[in-house]
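Both complexes shown next keep chain A, but they swap its partner, so chain B is in the first and chain C is in the second.
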Partner chain A sequence: MDKKIIELLKEKLENGEIEGVLGFERKQYPEKNGVIFVNHSEGLKRIADSLFNTLNIATYLGKLKGKKVAVLVRGCEERAINMLSVENQLNREEFFLIGLPCQGIVNIRKVKSLYKGEIKNIEEKDRLIIVEGDKGKIEISVSKVLSNSCLDCQRPTSPTADINIEGDTISPDADFLKVKEIESLSFPDRWEMFKNEFELCIRCYSCREVCPLCYCETCFVDSSDPQWVEPGKDVSDIASFHLIRMLHMAGRCVGCGACEIACPEGIKLSYLTSKIAKDVKEAFNYESGLTATQKPALSEFKQNDKGEFIL
Partner chain B sequence: MEEKEPKILTFLCNWCSYAAADLTGTSRIQYPPNVKVIRVPCSGRVNPQFLVKAFHDGVDGVWVSGCHLGDCHYTEGNYYAQRRFLIIKSLLEYVGIESERIHFSWISASEGKRFADIATKVTEDLKKLDSSPVILAKKR
Partner chain C sequence: MKKIPKAEFIKELSKWGKIFFRTDEGFLENNELSNRRPSKPPKKFVIPQEEIYLLFYRPEQKIVQKEIFRKEEKKVIFGLYPCDAKSIELIDLNFLKDPKDPYYVKRRESLLLVTEACTHPSTHCFCTSLGDSPFDRRGDIFAFGMKDYYLAEPLSDRGREAILWDKFANATEDDGKLLEKAKKEIEKSLEQFDFKNIHKILYQKYKDKIWDELAFKCVNCGACTFYCPTCYCFDVQDVERTNWGYRERVWDSCMFTIYSLETSGHNPRSAKMTRLRNRVMHKFAYYQTSYGEYGCVGCGRCIDICPVGFDIRETLKTLKLEAGHD
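Showing the complex of A and B:
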């Protein structure tokens, strides 16, 4: 991590301006990288930048309510914090946000599909990932294993962080290429594709658990009266769950891609999240989480909203 | 084979479209019996979840109708509804539900004829599709 930032955090910790720092810790297997809370300057060296920090740190902030905490954030995490703040789940003012230059995150699933053997060690160097294991050592370019949501990323830097660290970021192309490709398919082909994805779902709800914006005490899927979605592995129920979750995400989802990487079955949830991001952007010229005051897209309206589809 | 009659779940707002349906009846204008009406206080009351649930439970099409923009009894309910409808229509089409299955309209209380016309159009649109079940429908 940047030396200047460590010095700054050390100073802030020692003079009591902040009670702790929240960041990611690198584990031996980087796919297991997790969030740590450091409250003494010695521990700061455990905080590490990594391409495998796939969780969204905003998910953890609810537990730190009322504490003055410094948080290391990427663009999507900062937007999630803004969004939570708009929805009165957090108070943005309590946090000292340090914006990291985001290089994107790596989907370990893509690494595993390129390296067939058992992985023993993964190193990160510049824009390369060096994988070692029982099938020898290979180097993979980061761009080949980048998470799908990062490919659609609009803003890799934090819009309203207290300090932004300068550095290289991924260059966002933000073209929603995959969404456009799916939109060009015929209706039966689209369903064929999504059916194959949804059929993988084991309904563990990991996608919901890692989502920074899925904070409802009782999720609609757990409600039995009304029963929106029945239990079981019928594809109609699974599809209903994912579609309704996406409806709740519309105009709120920050596109961090945590859900897709957390999915144990590798369902391409980014196809759905990118779609709603694209719709909301095209129809309402809206991007979620840019400030801590902007309401979610579906909680406001304009007199001249698009309505050609209405008879 | 006998033509299958499509079932269309219809949400009508209490103040305009439901009154329009009443007017259609009292004016003795014919419209297809396929539309099954649920009266809601406002088109803004229609949670997009309802539409997903309706398809899951086996209807062939959905139609939501409310007051014209600016005429809403609650001033702005239908503006919010419009935004939600755009998202749900686009999302359902994206996963493969045909656009003929999802309809929205604004009908005022005086437009009895228009109500019948749109009810006919919605039904005709659905009959044009082959009779395969909706992809989201649960097989029972």
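Showing the complex of A and C:
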């Protein structure tokens, strides 16, 4: 991590301005980088920026309510914090946000599909990842293994962080390319594709739990009276869960892609999250989480809103 | 022990039932045997994710109930590593004690477990730390794969009856030595943590503040419980339609908020930390108290699959250190 930032955080910790720092801990493959809360300056060296920080750190802020915390954030994470603040889930002023120059997130599934052997070690170097294992050593360009959501990222830099660290960021050239491809499919083909994705679902709800904006105390899928969604493996119930969740996410989802990477079955949830982002952008010229005051698209009415969907 | 040519062994077993082979993803039909512990456990063969067992309907004014016993076809689970075979034995402890679960009994009787010695432990494996071995003889038949042969022996009546063992040659002393050598090598290659008395430490540390720290990472999704070979919790639900419906049981997870939610609205495990603690306690303390065995086989799947990097080995190690043990 940037030396100047470490010094700054040390100072803030020692003079009591903040009670701790929230960031990711770098682990060696196959262990995963996880979120840690550090409350003494000695621990700061454990925190590191990495392409494998696959969660959205905003998910963890609820666990630190009432504490003054410095948080290292990427663009999507800061937008999630703004969104949570708009929805009165936290107080943006309590946090000191340090914006990281985001190079994107690597989806380990993509790495595994390119390396046809047992991976022993993975190193990150500039825009490359170096994979070592029983089939030798190969270098893979980060752009080939980026998370699908990062491919559609419009804003890798934090819009309203307290300070932003300078540096190269990801520069995605695709503009909802995958969504447009799916939209061009015929209805039966599209249903077939989504059905195949949904059939993988084991209903562990990892997608929901890692989502910073899925904070409902009782999720609609857990409600038994009324029972909106039935239990079990029927694809209509599974599709109901994912589609209703997406409707709740429209105009709120920040497109971090944590859900897709967290899914143990590798369901392509980004196909849905990118679609809602695209639709909301087209209908309301809206992007979620740009400020801590901008209301969610579907919570607000403007006279010049397009009303195409109203009969 | 018998020495049986590979193709012949498979042929013999296929007479008993449909064979499901160990693959990278799970246990599947008509597949080549893989050299890795499958990412999914064989749990679905004993506890399907969704099981309908009662049908009810209302012809005119009466209510009719009909119990559903599915016809179970005979299946051979081929090439389970000893940890997976043990996991089924651990689930047995719960479902085959009195009163026995009749649906479980029926499914269990339709299975022949053919265990193969594990020669390719994964990076997250820790079975030896729990006092087990990748060469443990478990299941109905134990086999050790060599180049063209299997060294195999039956361990149960079902295993003894599955194959005409007499028609195959006995393994030689050299074969036995080879097996012993492989066993030592593989056992040595695994990292050892010694969790043998961890239940005592867990009971002692139940109220310790350390749990908040340990549970910080966990977001309480159910991935670990669904991928765990020994987690068997289920939820019973009635699915209602107009004038008919059915009762089914589906996988449940102690990580979910509604798992312990009571009708009154009270939730004895409302805090996320308490749910994680309960999972660890159940595996490594309560199961030990109830059945004399840990509810974990050290397969490491929960570590593989966890989206937030929670590592059960780290948790147990930290608790041991906190309690003043090395």
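FYI, the second predicted complex is superposed on the first by the 304 of 311 C-alpha atoms of A that agree within 3 Å, B and C clash if a C-alpha of one lies under 4 Å from a C-alpha of the other, contacts with A are read in each partner's own complex, and residues count from 1 in each chain.
Convention: a contact is a pair of C-beta atoms (placed from the backbone, for glycine too) under 8 Å apart; a residue touches a chain by one contact, two chains touch by 3 or more.
Please read these numbers as outputs of a predicted model, since none were measured by experiment.
In this superposed model built on chain A, chain B and chain C occupy separate space and fit side by side.
By the touch criterion defined above, A:K27 reaches chain C but does not reach chain B. Of the two partner chains placed by superposition, chain B and chain C are both touched by A:E230. In the superposed three-chain arrangement, the CA centre of chain A forms the vertex of an angle with the CA centres of chain B and chain C, and that angle is 90 degrees when rounded to a multiple of 10.
Of the two partner chains, chain C is the only one that A:T59 touches; chain B does not reach it. Look at A:E209: by the touch rule set out above, it reaches chain C but stays clear of chain B.
Contact with chain B, but none with chain C, is seen for A:L243 once the two complexes are overlaid on the shared chain. Of the two partner chains, neither chain B nor chain C is touched by A:I18. Judged by the touch definition given at the top, the superposed model places A:L9 against neither chain B nor chain C.
Smallest inter-chain Cα distance, chain B versus chain C, after superposition on the shared chain: 9 Å.
Residue overlap on chain A between its contacts with chain B in one complex and with chain C in the other: 230, 234. By the touch rule above, chain A contacts chain B in their complex via residues 179, 182-183, 187-192, 194-195, 220, 228-230, 234, 236-237, 239-240, 243-244, 246-247, 250-251, 272, 275-276, 279-280, 283-284, 297-299, 301, 303, 305-307, 309-311.
Taken together, the chain C residues at the contact with chain A in this complex read 36, 49-50, 123-124, 216-217, 219-223, 225-227, 235, 237, 239, 248, 250-251, 253, 256-258, 272, 304-311.
Considering their complex, residues 27, 30-37, 54-55, 59-60, 63, 118, 202-206, 208-210, 217-218, 222, 224, 230-234, 261-264 of chain A touch chain C. Contact residues of chain B toward chain A in the complex are 48-49, 52-53, 56, 69, 76, 79-80, 82-98, 103-106, 118, 121, 135-139.
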